[in-house]
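Common to both upcoming complexes is subunit A, partnered first by subunit B, then by subunit C.
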Partner chain A sequence: MSPAIEARNAALVAIGAAAIFAAIPMFFGDFAVYLGAEILIYILFALAFNLMLGQGGLVSFGHAAYFAISGYALAILLTTYSWPFWPAFIAAIVLAGIAALVIGYFCIRLTAIYFAMLTLAFSQLVWAIAFKWDDVTGGDEGFIGVAVPVWLVEPSSFYYFALGTVLVAGTLLWVITHSAFGRVLRATKENPQRAEFLGLNVRRVRLVTFVISGTFTGIAGALFTLFNRSVFVESAWWTKSAEVLIMSILGGVGSFFGPALGAAVLILLDRAITEFTQYWPTVLGIILILVLFFLPDGLIGLFRRKRAEDGDELGDADPAPSRTPAE
Partner chain B sequence: MLTNPMFLSMTILNGISIGMVIFVIAAGLTLILGVLRVLNFAHGAFFMLGGYVGWQVAEVWLDGVPGALWIAAIAAGLVLAVLALIIERTMLKHLYGREEYYQLLFTFALVLLINDAVKVIWGTDILTIAHPDSLRGAMDLGITFYPKYRLFLCAVGIVVAVLLWLLVSKTRWGRLTRAARMDREMLSALGVRVSLVYASVFVLGAMLAGIGGALAAADRSLYPGMDADIIVRTFIVVIIGGLGSLWGAFLGALILGLITAFGTVLVPEFELVLIYLMMIAILMFRPWGLLGREEAR
Partner chain C sequence: MLTIRDLGVNFSGFWALKDVDLDVSEKSRHAIIGPNGAGKSTLFNAITGYLKPTTGRVNLDGQDITGRPPHELVKSGLGRSFQRVNVFQDLTVFENIQAALLAHHSRAYDLFTPGARLYRAEAEAILEQVGLKDEANRVAATLAYGKQKQLEFALSLASEPKILLLDEPTAGMSPRETSEILDLIVRIQEAQGFTLLFTEHDMEFVFAIAETLTVLVQGRPLATGAPADVRDDPEVQRVYLGGHASGGKDAA
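On to the complex of A and B.
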């Protein structure tokens, strides 16, 4: 597929999805709006996360950290320090990016399992601080009663704000993925040694990716605070990091839109199944095993298999990715 | 507080006994990680399940029988061994060599399934196993009295360490696992069924976690979800010790136990923060862990 056609197709998918999301408040009640907003936030979280996993081959097991840092920062700036909305919103996101820079600086020195575990350790550190620093974060009880600006109080107005933000952020992520930098990033994933020989600074590429991914995760985290009007310490707990990993793999890490699909499907399934049974974890466990064994490309693979001959949209069409020499 | 020798020695013993329980789990995890290259998220759940099986045997089926705990521990080890064998042969073996997040997610799915199974079978109440008669009460150590059962747990950790070390360094099986770790293809070309070596390592690791779970359940309580805290601490031990290193895990477990014990006394609110800081500090200077080798990547 030529880049122009690829961009056109992506734009069509995004416009189509945005139109469906935009229509939700017009036809459904508050419950659907609520659910839709949550899905939008997780779509952004998964897209940001997958920049590292799908494009860079970097398995972060601590993305909850950036989600929670920006979530808490926004809550604290808006409520405790009564900052105006936009400076607080931007500062929270920048803070997540800075945290990603500091943590990434240490993590990118490692690869594979070591990398995953160090990201996990840092995110657990963030969790432990949020949990224990009662005076600032509310600790165990959570930070309740965030001073959300008046124009965002109405569910549908927050919903459209979230939709707009996710569209802009998603477009930026798409542009980054398909830019020269995105190609460099994929080179460092496919063959880091060769990328090094070609004069690329693999570590710097990975660090920049880490920061971009952390920053966009921060946007999702900030939206989540506005959505809940509170922040809970669970945001930083490692299962949050596992959740976004599950969403990405469920949808398909090899494709740009896969993780978005995974996020939507996982949340909808969660809501639907908890209606019938309290054993959602069992259902999720079975879904995971089925996906791992029968759908290695994720759900998006179902659409793609039909047009496999057309070539893969990102040129990484290995259905069962093999280990790279770096591991 | 810590200038009091009695209090100091108690805190040290607390640290060692916490560390030794974690070591029994970490030993299996690090063995699996070293040989299979699989990060087993379900290892904490295996430990928890061992505790529940032990409770079932000791408190329900053999209630009042002398030595019930020992039979319960063996039963827990066997149940976990069989379960691990089934999991490995039917599912896990198909995931070797795939990217690490496949194995991560697979074992995460096991965590979800085991937790729900525990809730269905044993409910959500907190359960405990009684100490065996012979290990009830405290022992006079000269400086301080200390619960006999915790001293026993310390001894278990040391015995497990020595036995595993003998097994890995002195037996044919141990040589095979070390060979499998270095060059799987070559070992397989030499006519060894590598797949069975892998299965045996996974089964042994799970069995240890099961026995450890049953023995630890007599010292701490059982509740669904307890595995989350355990697995995170076990990971920390394995990471700071060096992935795949038995003595590294031993050292890491001691460090973690002591930091936990002293942290609880000195900075009760921030004991966990202290542990993560220690881990990050170690990884910054020795990313491959205290006793790990630099290769392994």
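On to the complex of A and C.
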């Protein structure tokens, strides 16, 4: 598919999704707005995470770190130091990027499972700091009562702020994924040795990816603080990292929009199933097993398979991995 | 242009390479031959930054490149292809070349220009040159083995090397594929005027295209010279060529 058509299709998907999200506060009550905002935040988290996993082949098991660092930083700057909103918001995101740069500097020296373990170790370190540093973070009790600016207090105004932010950030991630850098990143994923012999500094490409991914994760983390008006130490706990990994796999890591779909589905399922049973983790386990066995391309693979049957090329926003070759 | 002095590689007590002195002159076709285990691949790995040599220096155009990482070597004009096929299997042929061109033109950190639109004409020109134009949109993994080797060669061309190291470019190929890729390599090398350093086990191939020959035995160079001279060297005859000597009758 030509790049122009691919961009047009992606724009259609984004505009369609944005229109649906934008309509929610007009037709539904506060609960739907609350749920919609949470989904939007996790969509951004998953998209940022998947730049590393899907595009770069880098399995991070510690993305909670950047989510939490930005979340705490925003809470502290707004409340403890009474910073104005925008400087605090931007500083929190930049801080997540800097943390990703420092942590990434060490992690990219390792590969595969060792890489994943080191990202996990660093994120547990972030958790430990948040837990122990009572005076600043509120420790075990959490950081409660964040000084959210007045214009964001109304649930629907926060909701539209989140929608706008996720739309802008998501567009930037799409552009980066399809940029010259994105192409090169895919090459380093497929064959790092050959990529080196094309003149690519594979470690540096990975570090840049790490920083971009951490920064966008920071945007999600900052939104999450505004959403809850508090930050809890669970934000940095490893299950948060696992959650975003599961969302990505569920939706499909080989596609740009897959993880976004995974995030929405996982949160909706969580809410729906918790209504009936306390065994949500069991249900989640079963869903994951089914996906891994029967849907290696994730839920988004269902759409693509259907499209292939219809002989219709529309809507494929994915740069290629599972494309069938033209004979 | 490539000067190697006293190069040695020691694997926990065993010298896989020792006392290697080698001068590869500009725009020449220089072959390294030797029996299995003679250290040909080790030599290539030591030159290309894949292995850190225990002793010795490697110079490219007067610049010391010993032990430098591959991506830096490529930037200073050294290209390499591999013995076993080493391409980007899940990308199309076109995307393979495009990725190589993006790397070569230092667009790796360009976050905003759409990658698919860059260097299309250049990629097409390279595919035309190596005869893969009709396969441009096929996923690399679906190509026949010989075509994959052609693609591998094309990837190396994209970085416009001053010297190209080919490790057994015809390994695993049918006789017809072998002669095709040979013609291709020589034609492009002559047109672009780069230096070619290659290892090869097919003697017929070596004598057909090499201008200089180095025989490597047990990690040490035994003789270097014009193919005909090396072939007639009594010691080379004794330890290596032996019964194959008559195979080189069509030497250049």
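To be clear about the criterion, the second predicted complex is superposed on the first by the 306 of 327 C-alpha atoms of A that agree within 3 Å, B and C clash if a C-alpha of one lies under 4 Å from a C-alpha of the other, contacts with A are read in each partner's own complex, and residues count from 1 in each chain.
Here, a residue touches a chain if its C-beta (ideal position, glycine included) is under 8 Å from a C-beta of that chain, and two chains touch if they have at least 3 such contacts.
Everything quoted here is computed from the prediction, not taken from an experiment.
Visitor: For the three-chain model obtained by superposing on subunit A, do subunit B and subunit C clash or fit?
Guide: fit
Visitor: Looking at the overlay, what does A:Ala116 touch: subunit B (first), subunit C (second), both, or neither?
Guide: Once the two structures are laid over each other on A, A:Ala116 reaches subunit B alone.
Visitor: Touching A:Leu284, do we find subunit B (first), subunit C (second), both, or neither?
Guide: First partner only.
Visitor: Just subunit B (first), just subunit C (second), both, or neither: which does A:Leu245 touch?
Guide: Only subunit B is touched by A:Leu245; subunit C is not.
Visitor: With both complexes overlaid on chain A, does A:Leu47 touch subunit B (first), subunit C (second), both or neither?
Guide: neither
Visitor: Mind checking the angle subunit B, subunit A, subunit C on Cα centres after superposing, to the nearest 10 degrees?
Guide: Taking the centre of subunit A as apex, the angle works out to 80 degrees.
Visitor: Is the number of subunit A residues in contact higher for subunit B or for subunit C?
Guide: It is B that touches the greater number of subunit A residues.
Visitor: Pick one for A:Glu190: touches subunit B only (first), subunit C only (second), both, or neither.
Guide: After superposing on A, A:Glu190 lies in contact with subunit C but is clear of subunit B.
Visitor: Tell me, in angstrom, the smallest C-alpha to C-alpha distance between subunit B and subunit C in the overlaid model?
Guide: Minimum over all C-alpha pairs: 14 Å.
Visitor: Both subunit B and subunit C touch subunit A; at which residues?
Guide: 320-321, 323, 326-327
Visitor: Over in the complex, which subunit C residues touch subunit A? Could you list them?
Guide: The touching residues are 48, 69-71, 74-75, 79-80, 82, 86-92, 95, 98-100, 102-104, 107-118, 137-139, 142, 155-156, 158-159.
Visitor: Which residues of subunit A touch subunit B in the complex?
Guide: Counting only subunit A, the residues touching subunit B are 53, 57, 59, 61, 106, 109-114, 116-118, 120-122, 124-125, 128-129, 131-132, 238-239, 242, 245-246, 249, 279, 281-282, 284-286, 288-289, 292-293, 296, 320-323, 326-327.
Visitor: Using the touch definition up top, name the residues of subunit A that touch subunit C in the complex.
Guide: 3, 6-7, 175-176, 178-184, 186-187, 190-191, 193-202, 205, 208, 212, 320-321, 323, 325-327
Visitor: What does subunit B use to touch subunit A in their complex?
Guide: Touching subunit A from subunit B are residues 33, 37, 39, 91, 94-95, 97-102, 104-106, 108-113, 115-117, 120, 228, 232, 235-236, 239, 243, 269-270, 272-273, 276-277, 279-280, 283-284, 287-288, 297.
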